[in-house]
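Below is one structure, written out as structure tokens; the observations come after it.
Chain nomenclature is as follows: A, B, C and D, assigned in order of appearance, with residue numbering initiated at 1 for each chain independently.
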């Protein structure tokens, strides 16, 4: 599998390992949606994500929008390639999106 | 003046004559906003508009968004150049935007 | 569709102020008319050039924008050059509100669009717009 | 930055299916490595090519996508060619929901981007991506 999606309990969310692109973004979107429906903050651990394209950005934006007013989307430890795309398309500017554990701070 | 903005009473709105571009879109936006605040449908007579660029499209989209749930934006008789840009950026797909008096029907 | 020496050319500089857009449109429309370009292809090119110039005026912080017009047997091309640095942040509609979709509109209107992005080390963004005479 | 005969080249066809994206990224990454391109410039080019291929796969209705790689002394360029017609409607975010901003992202990543839009009479959209080795 190009992308492994592991559910995590504390914090509640998912750990992503592999590459996120147009071939698997809709699968990720569906998996995330079930958790979004329960409300509250959602954490995505991105440390193991070696690649993300603009369809991945779409998933993040839509997730943040569905959580709006009910919770935050927390992005943990994006690697250098993921940080590069977040630099160019700054999803973290949305009110309820936050990046923690940036490599530079580690 | 590149663009003349005439207020109209029935239907309530404005008649635009001239060219709408980045040099005057913000002026139009402000003039329209005062009427939008009163609520209800707003009509823009575009028959005299000889040119519109994407900043004009922005004004239309923002106007429609501000009217949402309170009224429709009605675009009357766009000429060929304005119809061309509306074909490529179809603002009329927004729920509360309508084009009437298309040249083809006249 | 690359620029070839046999193209007839014509270039003009305009101040980077929104009031130049009307002048640029007239310049391009007149050249297209002289070149016998089809009216609807002319309308598309005029709008695309106006969008490219609006971007240069709004985003490039240049003082001057150069518009170069060239006609070939099968196509017409216009280059819009500023002296600025291309802003590389992709505007997120959800954060920054409605945007003009200027570049997407240029692509929808033209047969070929090139953007050479100005950088700090090599300033000057150049947008090249190509319209086939027959399209 | 125009294509010159002295460029070393390498082209490959991929099926127009989302699973090709991973393969294309590896192809481009390997070529960049062989050409001694800077790692961060390589990352940018790999992402831009992946975006161009995603557009071809998602929008062009082609069966096959061709990826051509060329290296020059100062730059590397990749051309992504499909056999389809460029969809000329600009997506309105307010109507169609969030979009990927693929083309804007390519422009943010590259030094020069060209899109030649496939038409019904002349199908085949070609996206040309140029990255300076030094940037």
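The rule is short, and it goes like this: contacts are C-beta pairs under 8 Å (C-beta built on N, C-alpha and C of every residue); 3 or more make two chains touch, one makes a residue touch a chain.
Treat the numbers as computed from the prediction; the structure is a model and nothing was measured.
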Output for shared partners of chain A and chain D reads C
Of A-C and B-C, the pair with more C-beta contacts is B-C
Per the C-alpha centroid definition, the whole-Å distance linking chain A and chain B comes out as 39
Here the gap between chain B and chain D, centre to centre from mean Cα coordinates and rounded to Å, is 37
When centres are defined as mean Cα positions, the distance from chain B to chain C in whole Å is 25
Shared-interface residues of chain A (touching two or more other chains) are 61, 65, 88-89
Multi-chain contacts in chain C, i.e. residues touching at least two other chains, fall at 88-90, 94, 98, 101, 105, 108-109
Among line, ring, star, complete and other, the chain contact graph is other
Listing every touching pair of chains gives A-C, A-D, B-C, B-D, C-D
So, in the complex, the side of chain A touching chain D is made of residues 2, 19, 21-24, 51, 53-55, 57-58, 61-62, 65, 80-81, 84-85, 88-89
Listed in rising order, chain D residues that touch chain C in their complex are 1-2, 86, 88-91, 93-94, 98, 101, 103-105, 107-108, 110-117, 119, 121, 128, 135
Residue set of chain B touching chain D in the complex reads 61, 65, 88-91, 93-94
Within the complex, chain A is touched by chain C residues 88-90, 92, 94-95
The chain C residues in contact with chain B across the complex are 18-19, 21-22, 25, 40, 43-44, 47, 50-51, 54, 57-58, 97-102, 105, 108-109
